[in-house]
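Chain naming follows the written order as A, B, C and D, and within any one chain the residues start at number 1.
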Amino acid sequence: MANKLMNPQQVVASIQDGMTVGIGGWGPRRKPMALVRELLRSPVKDLTVVAYGGADVGMLCAAGKVKKLIFAFVTLDFIPLEPYFRKARQEGAIEVMEIDEGQMVLGLKAAGMRVPFIPTRIGLGTDVLTRNPQLRLIDSPYDNKQWVAMPALPLDVALVHVNRADARGVCQISGPDHYLDDLFVRAAKQTYVSCDELVEDAAFASENDARLVFWERSETTGVVHLSGGAHPSSCAPLYGFDTKHFKEYVASAKEDGGWDAYFAKYVQCGEQDYQRQVGGMEAIKRLPLPVF
Amino acid sequence: MANKLMNPQQVVASIQDGMTVGIGGWGPRRKPMALVRELLRSPVKDLTVVAYGGADVGMLCAAGKVKKLIFAFVTLDFIPLEPYFRKARQEGAIEVMEIDEGQMVLGLKAAGMRVPFIPTRIGLGTDVLTRNPQLRLIDSPYDNKQWVAMPALPLDVALVHVNRADARGVCQISGPDHYLDDLFVRAAKQTYVSCDELVEDAAFASENDARLVFWERSETTGVVHLSGGAHPSSCAPLYGFDTKHFKEYVASAKEDGGWDAYFAKYVQCGEQDYQRQVGGMEAIKRLPLPVF
Amino acid sequence: MSDIALVDRIICAAAQAWKDDGEVLATGIGLVPRLAASVCMKSVNTDLLMTDSEAWLVREPVPVGPRGDYQLQRETWMGFSRIFDNVWGGKRHAMVGPVQVDRFGQANISMVGGDYDRPKAMMLGVRGFPGNSINHANSFFIPNHSRKVFVDGEVDMVASVGYNPARLARGWTLEETTDIRFIYTNLCVLDFGGPDHQMRLVSLHPGVTVEQVQEATGFDIHVPANVGATPDPTPEQLALLAQLDPHNLRATVLGA
Amino acid sequence: MSDIALVDRIICAAAQAWKDDGEVLATGIGLVPRLAASVCMKSVNTDLLMTDSEAWLVREPVPVGPRGDYQLQRETWMGFSRIFDNVWGGKRHAMVGPVQVDRFGQANISMVGGDYDRPKAMMLGVRGFPGNSINHANSFFIPNHSRKVFVDGEVDMVASVGYNPARLARGWTLEETTDIRFIYTNLCVLDFGGPDHQMRLVSLHPGVTVEQVQEATGFDIHVPANVGATPDPTPEQLALLAQLDPHNLRATVLGA
């Protein structure tokens, strides 16, 4: 029986310069932040990143890891504007493919289904088309309308964070929403999952538990046990996002050398020191769930 | 607050000659058989039926209701060959569009998404293409391959059977599989649901209950309370399919005038007499769940 | 002047947006639109669907702010993937807050500035605007009616489709691509019922003049012969608002 | 002759079909394929995925027939909609039982007869054969090796794609469209490893001759210089089979 347990360094070692990396979660919610921090510590560069973006995207931009960003939004929700993403865009530091949230769904679905595109009306009449001339309009053989052919968005690697997983790669998301994580996973050649809890194989035997498993273990390449691995993003129902930490992160962007200071304090130090500095797992578990 | 309660006669009154009717369930599992029986009693004709077919399709064929059948299979599972569907095909009595199970998924999805088609490799190299010249091959703007453009399968009406519903049209399927019922519902202009149990609006408040609701009530046009309404098909976990009844049904097809006799005994009589003849709700509830 | 708080007037006016929609998902993005949808569902159109703004459809609107021991009245799982099923089916009417709107009703929340590659101010990205706008009905809430919002020419990044014939794809009509219902601002209520979908003044809030509105708008609006006043909320609506916003979060949204 | 039951020999030979597949969904349609997949998952390739043949992936194969107090070892919900996600991703190897197979490996479970509009014998329909065959690996089980199954010419309704260059769509290669692994019959084991994907004899069951196989096949098969015998099951495999088929349902599938 395959044992897929890995450490974060092994995950990052399988990500090469120029790869396309999809990141699960949504804004400041259930982002694989510990894996992102490990990526920040690595020499990897020139990534194409696909995400419903939050601080994951901001940090990767700040660290110069992003060549191209495929996105519909980047936001921290309670702080609408992500500061380092903003800076990267305003400085013209990254290429972008800016698309609708639902177009990203279709692109990931197409990749998972191994088709080149899915037709959609989304984008017609908007600058999504003018800013992305690679998005082609097609005729339908069944009507007289033009349709946007949303291209597949195949990923080399998907990074996601889940509540619970076993060593074989069975992953459970027990918060109210799994977002589009299953689509990221199916669109990717390799999927690396961090989990708050590592559990025995038998943990999913009840109907209710098995229903919260959203992809087959054959879609999971590696599993990293990282309690609190989504911090400072949330991982419902275990913990909310860390508004204090996010405020410090956002404030850093207003200082000269702010990113370097944040990086030195929270990233360079390694994950153990990171958790100590944010108050340890006890503090993380006390972070209240956000009320929307 | 909308009250969508109807009786079966009202459902059938909204189905007109020539309409396209999708039927939920799968083979002998969770079919809206009481609604189908009501349709058999009506003068409606020339229907195009879309289904993962079981006795629903067989009976509609036997009664001469079907002009065209869109199908991937028709089967009773433990009795592989559906006798009246078979007879209709062998007599050339119905037009057919015979497609792959997954192509039907794509066609229903396309209809629900309101796009004319979804590209797929399914069907290439097979007689699904030669027998359905209306299925067009298209070029992709993003590669050099030909793809099958699986057309949308929009439905005028969807008929489905669920475990529990409220009068507003919130529907819960609590068996292990909802099959593709949500896709039938989203592909349809009007959806009529029969339910084993009619419950209060508050019945779905827990997370586990709300997760077993697979479409918004805005997709439900009408609700009919019909305990045992799936019989002789199954409605897990409430009751299994009625093998004895199915055997009698299958045997009838071997007799001259067999359908007329079955119809007179089990359909013409109305639903109350039907249930009495099959042993009443107590007998239906005792039907063991099938073991696959 | 009226002694009704302006924000309450706007919310209760905006609660009429879904009046004739029947059973659609009402999504109000931001406090004012969400309260408007909530008031509507409780009093104007009780068939509306709403979420808890997270992952569940609920039988009754969830009060905004800290909930104390309030229990969610769930009726359907409605995570993001399900939301797209709903959007693509068209049975939704969203009320959103764009940063720019032009005379075609084209709206922008993505970026501001003339150079797309180096925006003067990067904002959120287009989010779901392209898909929402072409799939279902939309209304807007604009807390700061001004020429910075209602821009001359086109918005800097057209995130949602408007009534702009020049951008129409082959085979489509403007009526198929675009369904913008109402715009609620701190000055007035507008729609696109003028000639050729021109933006039209529907009603003025107390103390606001037609000239003020036109002055604060970067393009000509259609002014019908008789423009009424935005009605006062009823006492019942105000009582509902107090229940739905128990912490009075709405008091500061217009920058009090 | 061997004292090993033929059906046990076939099941244990067929259990090798998934040997080198790694972590894929093994779907065995019908008793023999399902028991073959079950034996494989318990002994040959423990990374396999299997379902309970209803709606759940399970950690261990479910014994066939009435289950008594056996408890399902669920690991993932796997209703039909999820199965299609898996199929379309390609990580599956199914073993199915077609009614007709031709020299290209094209298979049929739909209908028999020369007139599609009035079949001589209507069967199931194409089911998932078109999608399975072009998306993932497939093997066949044929309990009655004969010219009625292995037909001359093409099957009456090509439900699954085979190695037929005449049916290749533009831009595709046979290696992309078709991946037929093994055919297990009551006489022998076959694959498509002959020249130009010709059907090839892999092994003969005890007491069966090459001539018998060729005689029972409606087209020429490739016979390599040395054709071995289908191996005996090991005692461990037979013990597993007894666990997985506690009611000995397999005793009658070859028409004993």
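Going forward, a contact is a pair of C-beta atoms (placed from the backbone, for glycine too) under 8 Å apart; a residue touches a chain by one contact, two chains touch by 3 or more.
Note that this is a predicted model, so its numbers are computed, not measured.
Note on interfaces A-D and A-C: more C-beta pairs are in contact across A-C.
Chain B has its Cα centroid 39 Å from the Cα centroid of chain A.
Here the spacing of chain C and chain D, counted between their Cα centres, is 58 Å.
In whole angstrom, the spacing between the mean C-alpha positions of chain A and chain C is 30.
Annotation for chain A: residues 113-114, 121, 143, 145, 176, 182, 207, 211 touch two or more other chains.
Shared interface positions of chain D, i.e. residues touching 2 or more other chains, are given as 56, 77, 88, 135.
Across the whole structure, chains are in contact as follows: A-B, A-C, A-D, B-C, B-D.
Residues 52-56, 65-67, 77, 79-81, 84, 87-88, 106, 110-111, 116-131, 133-135, 157-162, 164, 167-172, 177-178 of chain C are the ones touching chain A in the complex.
The touching residues of chain A, counted against chain D in their complex, run 1-2, 112-114, 170, 182, 186, 201-202, 204-207, 209-211, 213, 215-219. Partner chain D is touched in their complex by these residues of chain B: 26, 71-75, 80-81, 85-86, 89-92, 98-103, 105, 120-128, 130-131, 137, 143-146, 176-180, 182-183, 291-292.
For chain B in complex with chain A, the residues that touch the partner chain are 113-121, 136, 138, 140-143, 145, 147, 149, 151-152, 176, 207-208, 211. Interface residues of chain C, counted against chain B in their complex, comprise 23-25, 46-47, 49, 56-57, 59, 71-78, 85-86, 88-91, 135.
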